[in-house]
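Presented below are the structures under discussion, each in the form of structure tokens.
In what follows, chain A forms one complex with chain B and a second complex with chain C.
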Partner chain A sequence: MALLEVRELSVTYRPRDAAHVHAVDRVGFDVDEGEFVGLLGESGCGKSTLGNAVLRLLDKPAAISGGSVVFDGVDVTHASEEDLRPLRWARISTVFQSSMNALNPVITVGAQFDDAFRAHDAQGDAAALMEMVALDPDVLRRYPHELSGGMRQRAALALALALRPKFVLLDEPTTGLDVVVQRTILDRLRELRAELGFAVLFISHDLGTVMEMADRVMVMYAGEIVEDQPAAAMLTRPLHPYTRGLLGSYADPRAAEVSVDYVPGRPPDLSREQTGCRFRERCPVAVAACATTHPPLAPAGPGAVRCVLGGDLPEAGQARAFSPDRPELTTTAPGEPVVSVREVVKDYRVRRGWRTTVTRAVDRVSFDLRPGRVTALVGQSGSGKTTLARLVTGIERPTSGTVAFGDLDVGGLRGRRLTRYRRHVQIVFQDPFAALNPTRTVGYALARPLRNHLGLGERAAVEKAAELLEAVGLHPAEQYLDKLPHQLSGGQRQRVVIARALAPEPSVLVADEPISMLDVSIRAEILQLLDRLARDRGIAMLYITHDLLSARLLADEVIVLRDGRVVESGPALRVIRHAEHAYTKLLLDSIPTLTRTL
Partner chain B sequence: MRYFLRRAGFFAATLWAAVTLNFLIPRLQPGDPAEAIVARLSGRSQAIDPAQVAAVRTMLGAPDGTLLTQYVNYLGAVLRGEFGVSYTYFPYPVTHMIGQALWWTVILVGVTHVLSFAVGTLLGAWAAHRRNTRADSVITLGSTFVGTLPFFWLALMLIYLFAITLNWFPARGGYGPGSNPGWSWIFFSDAFQHSVLPALALLIVGPIGWIIGMRNNMVQTLGEDYARLARAKGLPQRRIALTYGARIAILPNVTGFAMALGGILGGTVLVESIFNYPGLGRMMLDSVTNRDYPLMQALFLFITIGVLLANFLADMLYGVLDPRVRREVAA
Partner chain C sequence: MTAELAATEARRATRLPGWLVILWRNRKCRIGLVMLAGFVLVGLLAPGLAPYEPRDDSFDGSLPPGAGHWLGTTARGEDVLSQLIYGARISLVVGLAAGALSTVIALVVGLTSGYLGGLVDEILSFFTNLALVVPVLPLMITLAAYSPVKGLWLIVAVISVTGWAYGARIKRAQIISLRTRDYVTAAKFAGDSTARIIMKEIMPNMTSLVVVGFMGACLGAIGGEAGLAFLGLGDPASVSWGAMLNQANNGGAMLTGQWAWLVAPGLAFAGLMIALTLVNFGVDALSNPHLRED
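Coming up: the complex of A and B.
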């Protein structure tokens, strides 16, 4: 008997005023003692809902609508809350996605350990647990807001292991953390598991971490498990076309040739009745039977797959790929720079208590942005990337140094002249969900900058808006003009945000982590779009990212920032393939690698 | 310490602004108090004799000189705690009048405020703990329903039911004609009887805001990751509800409460008018209708100081309760 047995488990969301959504649909799997299982899937596929169902933590309107979860011989699905209490934490514990919110903000970290011990009449040494995750025991006396994101997440891991559980469910434990911090946490987790031998269900959308950590990986799509096999085998021979697409979206930025795939389209609407294979509309190798047959999860290769083809994928019919295709990058850049940043310094004054501390966010940074060229700013959070973007867009003024747009000193612009400058420099924001006014249509969002900056009339603005939508690949445009943001998928929204940035015909585009909030399977698609726009329209792009793979794919030039200083810069290919500075190497080494599992 | 000083400096600046406004606003109002008094004394239709007006002015000690000298004199008087003589309750000084009304209000409104807060917060927490059950629906819907009823209507219904129909409690006033204010048992029991209906009216309406605020805050905190994690930790229900729900959800309510305490000094004009209760609220209303400037100004100042002090208290209290701002407070 396996440690965790999930059988035919279904979870349905029943909101009061909307259609019911079958978020998890008859899912079954086992986790053995000491096994490390990855659950990979994109946002909305039901993986976190499944995790919460296993922990019996679902909140209304979600509820288990069928099937069972048996943990260590106890039927979790039907036990009363009081019967579950002894099981919770003592044998099955969890770490939530890294955020401020996983720890109670008004009591100390130590008190949250004591809570767990007291609830189970256990004795425990919180200080020793903290040392286990390489934290100072002094942290126990502090409050969650006094810790950094990485420290909080390590404290949460120590807390999860406090009662020596047999099973730990990790739900996106490193999402939102820096690559370097993520690396230390993952390494620690691996060591602890070797030492304590607990089983893990590791839920993540991040293929790299899942593949690196897990023995066995389950891939979830549209509420179902579509593939389940050992990680190593999945890497060499994925059984499901979706898995193949996901694997294709990942590449080692240091490889000689880099190409990433994407899976066009979006997952089906789970509030509707599903017929046939749920992936067929995005599937590059779909056959006629896919429309009528809903394939079962059947044994194939060393695991199982839910596919009409039964794991035998034809070579042809790869998902669509994006690989940078551009002239030799080492030659000196053509064209006059549009924006020149020279020796720029930005200080922030922070008053805390008695003292005023000056934080130098950007320290003597210089670079040029040239037409048709993409410059990537790479670094961890807090390295000054976003501050530089704000300086370039004129939102902030440099403490010293200059930002020049042609012969215009951006730092000295005020009022109307600054507004006029903004026409030339547009921004693509990180979060496409927050960047659009939820009460305004796409047409309105696009017409605004057209009318403000270009002075177009209403009719002309609508025509131009439609043109822009076509340019970012949303066609037929008429279909999108009257849509509200919530009716679009994340990828479509980001396209609208890009179209809006293009509206005033800018010469500079600042893209601040434009793909980090998007699903892995469509990231390359947006990168390709940005790449094409920059080249075709001769736009100078400042691409801000912490992700070296995307920098490699999109950028001509890479600038590596650390604590506001440039530590390394040069052509993308050279900086990433032959990094010289130790910090660049650290960033590269921190990226989870698929090859490590092999 | 710096935080404290900064808050204190802010407090002083606001206080000065309030005192100044308090000086200016009544002078910007149309009408002359002396003329008003003379007119009232002599019957409205007759012409007013300037000599009479001058005599009344002298008697009341009405202000002379430029606005600036008036202002300087005013500031000095405020500092010495001299607010002058009431025009309507001549020759009692304003402070005497306020001192009398104050206790009625502080006891009635103070007690009902504290009770409302306690009852409201507890009910709200209970509703959140039992969210989406019948108990929650009854509490939430019930308080929303009562909250939509006009207060004066509720008060009149209480008077109709308990004072007129059942004749259990007196309908108006602070004490009956048979007792005189003093330290006697008869007076206290009489005053208590008189306070029952206004207190009841306040207690029906008072907790509603706290119930709804607390319930909504707590439902939200109980949906946060830390509360889910507490469930995953297998903590007892009580501990989750108290430490991971109520303890966090109560914070905004505490601030609101501390600020509401400031409003006590202003009394509740409506309730005191309806029940003809001898508190600050009614006195304020009277002073405005009678253009009793000294009383009016002193009352407004009193209320302002009360609200400012309460705000100050709320800031300090929040620092103690919420560690997220404590660091700043302690620094």
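Coming up: the complex of A and C.
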């Protein structure tokens, strides 16, 4: 008998105002004692809902609509809350993505360990637990707000392991942390599991971390498990076309040739009845039978797959691949710089009581932005990349040094002159869900810059807006003009955000982590779009990221920042493939690599 | 997700406006809406419903409730039921007008100080805080007693001037959180003016908050009017529930056994307050989608 047995589990969301959604549809799997299982899937595929159902933490309007979860002989699905209480945390515990915010802010970290011990009449050594996750025992006396995000997440992990559970559910435990912090947490997790021998269900959309950590990986798509096999085997021979697509979206930035694939389209609407294979509309190797047959999860290779082809995938051309192919760059001379940043310094003054502390966010940074070229700013969170973007766009003024746009000193602009400058410098935001007003249509969002900056009339603005939508690949444009943001997917919204930034025909585009909130399967698509727009329209782009793979794909030049200072800069290929500075190497080494498991 | 979006979702199922569907589905709110509609109808149809003129004092004084006068007559010989029916008009008009006026003041002050920040915020916040800590009832009494003009609109003005501060505070807090959203920055980069950003980008995201504030202000205004009228500072030319209570008190209704003269306006007043409070439960669901799943 396995430690965790999930059989025919279904979860349905039944909101009062919308159609019912079958988020998890008859899912079954086992997790053995001490096994590390990865659950991989893109947003909306039901992976977190499945995790919450296993813990029986679903909240209205979601509810388990069928099947069972048996943990260590206890039927979790039908047990009373009183019967679940001794089970939770003592034998089955969890770390959520937001666990760092789940610590109680008004009591010390140590008091939260005491609570966990007392609730289960257990004895434990909180200090030893902290040392286990590489934190100083002194942290126990501190309050959560005094700790960084990574420290809080490690404290949450220590708390989850406090009662020596047999099973830990990790739901995106490192998403939102930067690569270096993620690396330390994953390394500790691996050592702890070897030491304590607990079983893990590791839920993530990040292929790299899942593949690196898990013994066995399950891939979820549209509420179903579509593939289940050992991680190493999955890497060499994926059984499902979706898995192959996901693996294709990953590459080692240090390789000589880098090319990434993407899976076009979006998952099906789960509020409708599904016939046939749910992946067929995005599948590059679909056959006629896919439309009618809903394949079962059948044994194939060393695991199982839910595919009509039964794991024997034919070779498909890399038609949708995106690889930086720019031989002309080395030959043509770079144009005159559009924006010149010279020796800029930005200090922030923080007054705490009588003392004023000065934090230097940016320290003597210089670079140029040239037409048709992409410059990437790379660094951990807090390295000053976003502050530099704010200086370039004129939102902030430099403490010293200059930001020049042609002859114009950007730091001295105010009021109307600043508005006029913004015609030439536009932003693509990180979060496409926050960058569009939920109450305004796509047409309105696009018309504003056209009417303000280009002085177009109402009708001309609508025509131009439609053109822009076509340019970013939203076709047919008429269909999108009257849509509200919530009617669009994340990728479509980001395209609208890009179209809005292009509207006033800017010469500089600042893209602040434009793909980090998007699903892995569509990131390459947006990168390709940005690449094409910058080259074709001769826009100088400042690309801000902590992801070196996307920097390698998109950028001509890379600037590595640490604590507001430039530690290394130069052509993208040289900086990433032959990094000289120790910090650049650390960033590169922190990236989870697929090959490490082999 | 904001209330507006959810309202769009709800609209799909029926032809009614989405916000009405959400309000109607909440049982408490449904009762409140029916009660409120009753009061509004009584107010609108007062001339038809009331058996006599409210100021007609041609009857015998201090009659107990009976066949001719269901709720008896006042010490001066007016019909209590007719006064009660006409009184609904005053309460509703004062509630609506003063509620609307104080909401407008709260919006202007709250939005300006929240969006602009800095010195303007400091100054406006000072006045908001001042208005919050000044005891409202004595201030209202003073303003109403020493005002050179009397009448219904004075009452409305006094209530609005003393009741805007709490709403302004809430709206300021909301706009501070909204003004740093990416889409507001995007509107700045699109070249929109500050006024346009506030009206077109921010305001539509605060409608449910404004509605809740308006309902609360109405409630306060109705109570304020009753209080002033009870103290004899109301509009002498109109019959309101507060004025009825004042006269019942002065006329010794308890001593003469005129219980209906005293109890009826009190009950009517309590009923209207309950109706508005119940409606507010539904409005809460409008601004917080999570409350709708119950």
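Definition applied: the second predicted complex is superposed on the first by the 586 of 598 C-alpha atoms of A that agree within 3 Å, B and C clash if a C-alpha of one lies under 4 Å from a C-alpha of the other, contacts with A are read in each partner's own complex, and residues count from 1 in each chain.
Simple rule for what comes next: a contact is a pair of C-beta atoms (placed from the backbone, for glycine too) under 8 Å apart; a residue touches a chain by one contact, two chains touch by 3 or more.
All figures in this text were calculated on a predicted structure; none of them were measured in a lab.
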| item | value |
| --- | --- |
| Side-by-side fit of chain B and chain C on chain A, or clash | clash |
| Partner chain in contact with A:K60 - chain B first, chain C second, else both or neither | both |
| First, second, both or neither for A:A461, with chain B first and chain C second | neither |
| First, second, both or neither for A:I107, with chain B first and chain C second | first |
| Chain B versus chain C as contact partner of A:L39, first or second or both or neither | neither |
| Partner chain(s) touched by A:W89 [first = chain B, second = chain C, both, neither] | first |
| Which of chain B and chain C A:I539 touches, first, second, both or neither | neither |
| First, second, both or neither for A:R448, with chain B first and chain C second | second |
| Superposed model, chain B segment overlapping chain C, candidates 81-89, 153-161 or 189-197 | 153-161 |
| Contacts on chain A seen with chain B and repeated with chain C across the two complexes | 60 |
| Touch list for chain A against partner chain C, complex | 15-18, 60-61, 393, 395, 419, 422-423, 425-427, 429-431, 434-440, 445, 448-449, 452-453, 484, 486, 497, 500-501, 503-504 |
| In the complex, chain B residues that touch chain A | 2-3, 132, 223-226, 228-237, 239, 243-244, 247-248, 251, 321-324, 327-328, 331 |
| Residue ranges of chain C touching chain A (in the complex, touch as defined) | 1-2, 4-6, 8-10, 13, 22, 25, 181-183, 185-192, 200-201, 204-205, 292-294 |
| Residues of chain A touching chain B in the complex | 52, 55, 57, 59-60, 81, 84-90, 93-94, 96-97, 99, 101-107, 115-116, 119-120, 143, 145-146, 352-354 |
